[in-house]
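Naming follows writing order (A, B, C, D and E), and every chain is counted from residue 1.
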Amino acid sequence: MSSDEVLLSASGVSKRFNVGSRGLLGGRLQLSAVDNVSLEIKKGETLGLVGESGCGKSSLARCLTRLYDVDEGTITFDGRDITNLGRRQMQPLRSEMQMIFQDPYGSLNPRRRVGSIIGDALAIHGNRGKGTRRQQVQELMEIVGLNPEHYNRYPADFSGGQRQRIGIARALALKPKLIVCDEPVSALDVSIQAQVINLLQDLQREFDLTYLFISHDLSVVQHISDRIAVMYLGRIVESGPVEEVFTASSHPYTRALLSAKPIADPRAAEQRDRIVLAGDLPSPISPPSGCRFHPRCPKAEQDCVTVVPTLEILRGAGPDAQRVECLHPLEADQDLSSFTPSIADTIIGADAAATGSREVAS
Amino acid sequence: MRTLPLAGPRAESAQGTGIRGVGWLAGGVAAALGIFFVVSSPTLGGVRACLVVWLVTWCAWAVLIRPRVDVQDDVIVLIGSVRDVRIPAARVDAVRVRAYLELVVGRRRYTSAAVGFRPSSLARGHADLARGLVSEGGRREVESATAYAAEYLRSVVAQARERGGEAPPITSSVAWIPLGSLIVLVLAAVAAFSL
Amino acid sequence: MIRFIFVRLITGLLVVFLVSVATFLMFFAAPNDVARTMAGKAATPETIALINHRLGLDQPLWHQYGHFIWRALHGDLGYDYYHQRSVVSIIKGAAPVSLSIAFGAAILWMILGVGSGIISAVRPRSFMDRALNVLALIFYSMPTFVLGSMLLFFLYFKLTSAGHAWFPAAGYVPWFGKPDPSNPQHGFWPWMHHLILPWVTLALVTAAAYTRFTRGSMLEVLSEDYIRTARAKGISERRVVFRHALRSALTPVVTQFGIDLAILAGGTVVTEQLFGMHGLGWNSLTAITNQDLPVIVGILLVVSVFVVVANFLVDLIYAVLDPRVRLY
Amino acid sequence: MVLLHVTDLNVSFDTDDGVVKAVRGISFDVDRGKTLGIVGESGSGKSVSTQTLAGLTRGARVSGSAQFDGLDLIKASPSQRRSVLGRKIGMIFQDPLTSLHPAYRVGAQIVETIRAHDRSISKRAARLRAIELLGMVGIPFPSERVDEFPHQFSGGMRQRVMIAMAMALDPTLLIADEPTTALDVTVQAQVLELMRKVQAEFGTAIILITHDLGVIADVADDVAVMYAGTIVERAPRDEIFYQPHHPYTEGLLDSMPGRVERGQPLRPVKGSPPSLIDLPPGCPFAPRCPYRFDRCDQEVPVLQTVFGDEQHQSACFLPTEIEERKALREQLVEKGGIR
Amino acid sequence: MSATPATAPPTAPKTTIVARGPWALAWRRFRKDKVALIAAAVMAVIILVAIFAPLINSALGQDPNYQDQVNGLDVNGLPLGPSGAHWLGTDALGRDVFARLVYGARISIGIGILSTGIAVAVGVVLGLLAGYFRGIVDVIIARLLDVVLALPVVLAAVALVAVFGQSPLVTVLVLAFFSWATMARIVRGQVISLREREFIEAARSLGASSTRIMFVELLPNLVMPIIIYFSLLVPVNIVTNAVLAFLGLGIPVPTADWGGMISDAEAGGLYQQAWWLVFFPGGVLVLTTLAFNLLGDGIRDALDPRIERLLRK
């Protein structure tokens, strides 16, 4: 379904947020939200971006659409380098890439009528379609399954699912090429979630859209994406076609994430081996050295503490290759729970050797 | 090879603009006043007034602006008013921040007033922002730079201990610039008033 | 702990220094002609020049400021223009008046305001809540001088003319210190007796604001998740309200109390004018209207010291109220 | 052995727009040492019902009864209820970041629970018990961390502290209101495993409230499915997942992304939940039900035994024999009615 | 895939609650609040009196400044109590108290509303700029706010009036000087929190310019706090104006002003004999302030029923 032509590609993209004063630690305090990320999105494809909260997936999305300025790396969209474009040059491109947001109550201005919200894009970029703005907006409302007569109502009168449809209609107004969906269904109940996912897939087919679909819910991402990238603490640790990543994941974090996901099937849940990762997500203010996952990784070794791994091709070639960022990737058949880390300072290790280091965390 | 995050361009002071802001304002006003006095009446009296006011500038600079905390390859440097203390990170047992920063080494506590929460922000729970509460994209980071400073120091200490190896002793040295300038000012003032 | 106090001390001193520079510039450097107002309408240029010289206004600015600071450090804030009284003596006379008004009223309004705020927050929409709310609104809308006049009229005038003088007219009676020949009374009871009306006037108006403020803060905290957890732990409702809710709700109230106390201690112009008490407020009013510069600068300096001290006290109260705020 | 027996619980609130009937007559039992999973979407009344049992809902009109250990929680006086809460019934809530008091040390909050019910225990003894509890729930270095403040713990750790606090007096029932919703997947797994360990070790019955069917499959023994304020189906876990009777349960399972091959569209439940102020006549799920027929709009269905197993009850007029129900299901799938 | 429109759009559920915008909702809640309605009525009357003051005075044949020494005072020169001729009695100079009150309304309320208007306008603009652009703009304005809000209002007002002289214009500007800071701080707080909301980020992703975001997205959300604090700031300014008048620094003497009337009555303890000289102006002043405050509370509860939500939780 997706041609091989690349719509958006990012190479070595990093984004850091400044924290603290020049007087404090020589102004060196930084929150590295996105660290050296490279990825490609093919035209008409859905790339799933999955990871736990605080892993940088929202920041990456805002860097790719240039809502945030990028500190390093280059981003090309539809063949043009948009890394350092100013607000003026970005303006025409804005109509070609749009965003859908997570919070149905936060993403719509409570004090404006639904019709004017959806018509925003037309008002800003000029009405290029046929018919008056009102007609176009009502047609959009029809397409996303809303009752056009509700043109003058306020967001407060709509349910969560309907509000997300309003957000989709707003993004669809200028028929963009790329839509970045930042956790569009996470705040919805399961039954409503399915309606919105079906709508997104139908719109993709009908308007030949390309999606960057961000979520922390693995089953949703598995269903809707063609390719998938897994993020941990600002870096992409594994990427590739959905089938391969879900059946033969080779990064320990992906494997642990897949096993931790609760499945609504009791018998299947009992058969799979449960890997429960110890410890919590480290603070992004000062990521662990070497491989960022080493403090929680069951098969961490000495070189994981010092050497910083890079995203290497494991299988296949080109955009559809399966890539992993690990010095000792897992084989498909290896069982992660059978490993014990060989370095002292992992959290798992720390329990055994009750060194004073814990006191440091006070 | 430790990935030291790159220096950032824009920043705000850890203690918020309150304390340090007063330092800059008072220091600046006092310095300008001193120059104004000398310029407006280049007599002995003018010089005397200027020296007294410049003592205030020195005070503002040495107590509120100069003190800060710096990290140079695994050594935490507590830059004080007149004294700098260099503490190898591996030796630190605990990093605590309340009204000011406290590095616990064995039974001794090394403190720095450059990093700390104002009591009102402590009571409003800004210390929460350090652990586990970081919102993605760093949107809330500006609210509690101090919480981040503590978190960063803790990670510096943790990574230093992880590498092990023999840690150099703690050294404290006198900072000659502030002390020197103080002595010069005092001598000049004494001279001016005795003439 | 000493480090923290040392830094706050220096900061406080620098703030007072800034205030002194600001007030000095605002008054001495500002283009106003004190000598002319003093010399009166039919002033000849010579008399004005003589006055200026005597007051030292013709000296270079630095000289004036240098002397001003030098003498201030020695406890001499100069002399007021009209009666040659030393500013320090004026302040020594006025400060106890303002302080006693402010602190007495403070105790009263905290008890009334915070107390009624808690009661009406704990039982929302009850009769008590509505009654306290209306009362708070009435007193909140009552300017101090209207309430003061009414109290004076009814409690003083009507009562004394009806035979029992429970409340005194006006004027301040010192509690201790050398008795002032013109004013025979002094000692604790006469002092308090004369202060009741100003205390009540000031306290009622400010308490009204604190009732609404505390109620809002308490309601906010009572809807927090950790209050529901406290109830789920099977703790008595009284303990939930006083140990859990009140502790968090008091933080903003304490901040506001620190600011209000400092400003009021600097002189409540209206109350002092109404009750004829020559406190800092009354003195600053007369000083401003007569452009009596040294007095104004002196009082503003004293008020800025009060504000700095008050902020420091508020920080200490935080440390006592909230264990997270450890200053040591 | 039945620990909690709830019959005909009704809860309603007066609002500007009318009376919201949040819970409309639900009845369920909780057995000792077992876990009852209550699953439902937002607005189904799952949280309101359990919080009403604990007397935590304010300004609501409540009726019905809830027998727990010889005491009717609904009609109990505040002091009676307080003697049970914290001692016999422990509770943990959804958002660990705001459920602990920010200005009290973690240990002090646990000691407060212990001493609120048993004054005879000294502060020192209670503090030791708190350290023991923190160790039991897997917090490293408990003897040092007992004196730390909640903001020094991460989300997952705080939820462990909540569990330690709830288990302080060895309650017989633990009510968990969406305990893992605010946590990340990896931390969620840790908390669920801890709850299983606690039940195994102390035989505590658990009521687990969640909207996530995966969590139910992971932990629950029995399941109650709630919709628009009523229980529409109640059965042991495996029957709910593999032999659902009520169309809503079936619809919920169908709409899960895992149930369909990747290329195919999902099978959502059409429409959206009804407003709890003016409910449609008859079965509340009728407007969204693919099997809808005229009786559904006239009569309100009541929980009745289905498939011959009195453990399995469903409030629906569809045939109660397995074969007939399965046949209807097949017709629906062929007709593509579920599309 | 066929080009048929997306899945047969499921019929959007007929929302049972009739469609209402936030304003209609607010009006419905406000109508139910009887206390606020009474306050609104009282305020309307007072404002009408202020507007038509000259009309009312001429209709009753009273002139607020006409000093009728002859029959305005009793035999030994003391003011007359309330009577048929002078409904609310006369003051020390024989002027009719009722006429002065009616005319005084125009001054007191006029100044109150005018100064609040200026303060709100300045406060909203600066608050919006500081909150939206942050950076240096925000630091400067925020520090300015701290200084202005820390000043003792009465003393500083007295100082400013003493320096710039007494006139209605100066009084209005002085009152505006203090209340703009309150308004700016509230607007700045709102903008800082609104700015983080997703619908602002959505506007940015659509390519909306800063001005469009400030006026199309942010301003409608600020209308509510602006109305609430406008109605709460007016009484504060009325009272401060009365305090200035009371201290003899308000509007120059002859023109009638409530604060001035009370201050005249205070002089020499005149009020002990002529109680009505304090009672009526004071009473009217309190009534007006109470009406505004009650109205402010009513509007806030109607527009922002947070308190209700808190109570119900």
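Simple rule for what comes next: a contact is a pair of C-beta atoms (placed from the backbone, for glycine too) under 8 Å apart; a residue touches a chain by one contact, two chains touch by 3 or more.
For clarity, every value in this text was computed on a predicted model and none was experimentally measured.
Ranked by distance of CA centroids from subunit D, the top chain is C. Compared with subunit A, the chain whose C-alpha mean position is the greatest distance off is C.
Look at where the CA atoms of subunit B average out and do the same for subunit D: the two points lie 52 Å apart. Centre-to-centre separation between subunit B and subunit E, using Cα means, comes to 46 Å.
As a whole-number value, the distance joining the C-alpha centres of subunit A and subunit C reads 56 Å. Centre to centre, using the average C-alpha position, subunit A and subunit B are separated by 39 Å. Touching of two or more other chains is recorded for residues 53, 62, 159, 162, 195, 198, 202, 280-281, 359, 362 of subunit A. Annotation for subunit E: residues 7, 10, 13, 15, 17, 311, 313 touch two or more other chains. The set of subunit C residues touching two or more other chains comprises 322, 324.
Across the interface of their complex, subunit A is touched by residues 1-14, 20, 65, 68-71, 92-96, 114-115, 130-132, 134-138, 141-142, 145-146, 148-149, 151-159, 161-162 of subunit B. For subunit C in complex with subunit D, the touching residues are 224-226, 228-237, 239, 244, 247-248, 322-324. By the touch criterion given at the top, residues 3-4, 6-7, 10-11, 14-15, 17-18, 21, 60-63, 65-66, 69, 251, 255, 314-315, 318-319, 321-322, 324-328 of subunit C touch subunit B in their complex. For subunit E in complex with subunit C, the touching residues are 150, 152, 154-155, 158-159, 162-163, 235, 239, 242-243, 246-249, 262, 265-266, 271-272, 275, 278-279, 282, 285-286, 289-290, 292-294, 297, 307, 310-311, 313. Remark: subunit D residues 41-42, 140-141, 144, 148, 152, 154-157, 184-190, 192-193, 211-218, 237-238, 241, 251-253, 255-258, 260, 262, 265-270, 272-273 touch subunit A in the complex.
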